[in-house]
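Going in written order, the chains are labelled A, B and C, and every chain counts its residues from 1.
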């Protein structure tokens, strides 16, 4: 056997990335990661999903969020896409993959929830957070309180940076969290190998508590062929560790 | 949303740290970390608790250890303190916080035991170690054997360094480990948000075995708003990784 | 207490390493690690076990694999050996230690299975993989399919590097995985302290899924005095991170 010294370098092959932000954010959260990826020769799209960003209606369903992503992929006639979903966007990329499996090279779940078939996003949170979604006023949408975001998602940031991040967040439709999701087709595509997946976990990401709700359980749901990678940073690694995250996304998305 | 590139840098704001050593050690264990923190403009205290260090009486109770810490904070009229507890000192800082909640900005548990209300420290160890505390001679105090410290706490050190560290250890009162602790007030203060907490886990810390006794379980006990951070090093990260640990303590202790 | 600043440096003391490759590979997998270790003054052996490499008979038993390792240690009159086993070689080094406990300074399990007494290697895999071993044709030997190796063991590599690695793999005897192993003596030697162990886990190693089959459970089986260290890289850290792995093996193997 010849073993050439293999550095864990980023791929030189150009890839089309579609980076999907998490709850309360917009495509702008990816600005720094996108800059790094483009500098390395990749094509990068950072759409903002329906129900996210200022001035959006709050009476949307989870399916509306999915439709906006599917529409984006169709309108831009994107193909051979590495479709990355951050946090709750794991559910949007899974549902989009059901409709457009042939356009997707690989799904990459970053700090993501991986929803079990028939569950809502809220069902995948620990009980206390889950209850908060159930009690939210649908006409107002929902936004998690600052202290939760600051301690559990901005745990590697200074206060001023956490405040700046939070100031840019906007509420999203409550139904995004409470709609039950039929993921039969997604898990069939996964089981038959028609969809490939990777899971990326930043080592300091404790947005969801370790253990029963930890990343290992969520990654395991993607089956025995899911490619798992750990990286630096916490839940907002795109903000605190954009260069390393970009490299990890390339590793996660390569053939 | 504007996302300024946020490096996970250390805070520029000056903080008062009180660093509390673990079992068998004294405040001197923090020398290198304190030097780094002071160089960054922070105020650092490294008291040695009653029952620790050469020549201490062995008939002290856990409450005596707590009293020595509370006394130190009062005598030095310290305020807005980031109170860091290493290993078993998690129990001393929790009890001290019950008496002086208004003087404490945040508790930082480093590689710590987090004792459940009504338990002793010994109750939080795996059964084989727990039994050793029960069988110890109270007049002699207790010191864990070299091979345990060397393999489980000095796992990232060479033998000579482990031997030097062990040579400086002294026995502590057995009652520190076997006294049952009433932590009702601590958990009330935690639940009501009057005490804030962080948990720092060095990635190679296996002083307590992963799994049932692992750091995740201990951090989880501090509730859904505990700020968790991982850092380099093992159980004695203050000895092997003082600069990085200092940075992580600043992240853990900032607003 | 005097605390000299202890960097987690590699030991300066010369050590005799015997590095044992995992399934489907040969001693050549260690080439880069061996080069680094030798440059630091250590003696390094990288034997290829019976049943591994091109042209080997497929009707061998697990005991034949062990015998080839024991024979190597005897023929080269090796003593005070740090015996490192990668992946399934955890079982070969444990069985070899039963026969030659006095020649072994320490066993180092790297990304290893640690087989419970009376189990086969296959029993330690998740059910779906375990079943594959049971159904394999003994006359052909067994080699895991490319997609499994690529996604779960080469997760930090580019496709071309994963393909090159896989092209050099060869089937091994099915009985290696299905023979039940009597490890009574090994666990007695471990319990009595006559054999010392370390466990090294590369943080991105997901060859075995986290959780029930995760590295923590495997390391825990080696008892409360097992020295555990995490390092960079994934299942083939000897290929992607040879310099860092060499340093970690020195830490794992030192007195």
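By our rule, contacts are C-beta pairs under 8 Å (C-beta built on N, C-alpha and C of every residue); 3 or more make two chains touch, one makes a residue touch a chain.
Nothing here was measured: the structure is a model prediction, and the numbers come from that model.
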> Is the contact between copies subunit B and subunit C built from the same residues on both sides or from different ones, judged by whether over half of the numbers are shared?
Replying inline: different
>> Only C-alpha atoms count here: how many degrees separate subunit A from subunit B in terms of the superposing rotation, rounded to the nearest 5?
In response: 120
> So, what's the distance in Å between the C-alpha centres of subunit C and subunit B?
Replying inline: 35
> Taking each residue of subunit C in turn, which ones touch at least two of the other chains?
Replying inline: 203
>> Under the stated contact criterion, what part of subunit C meets subunit A in this complex?
In response: 25-26, 28-29, 31-32, 126, 128-129, 147-148, 151-152, 155-159, 161, 164-165, 168-169, 203-204, 206, 209-211, 214, 233, 238-242
>> Which stretch or stretches of subunit A touch subunit C in the complex?
In response: 1-9, 11, 193, 203, 216-217, 219-220, 224-230, 251, 254-255
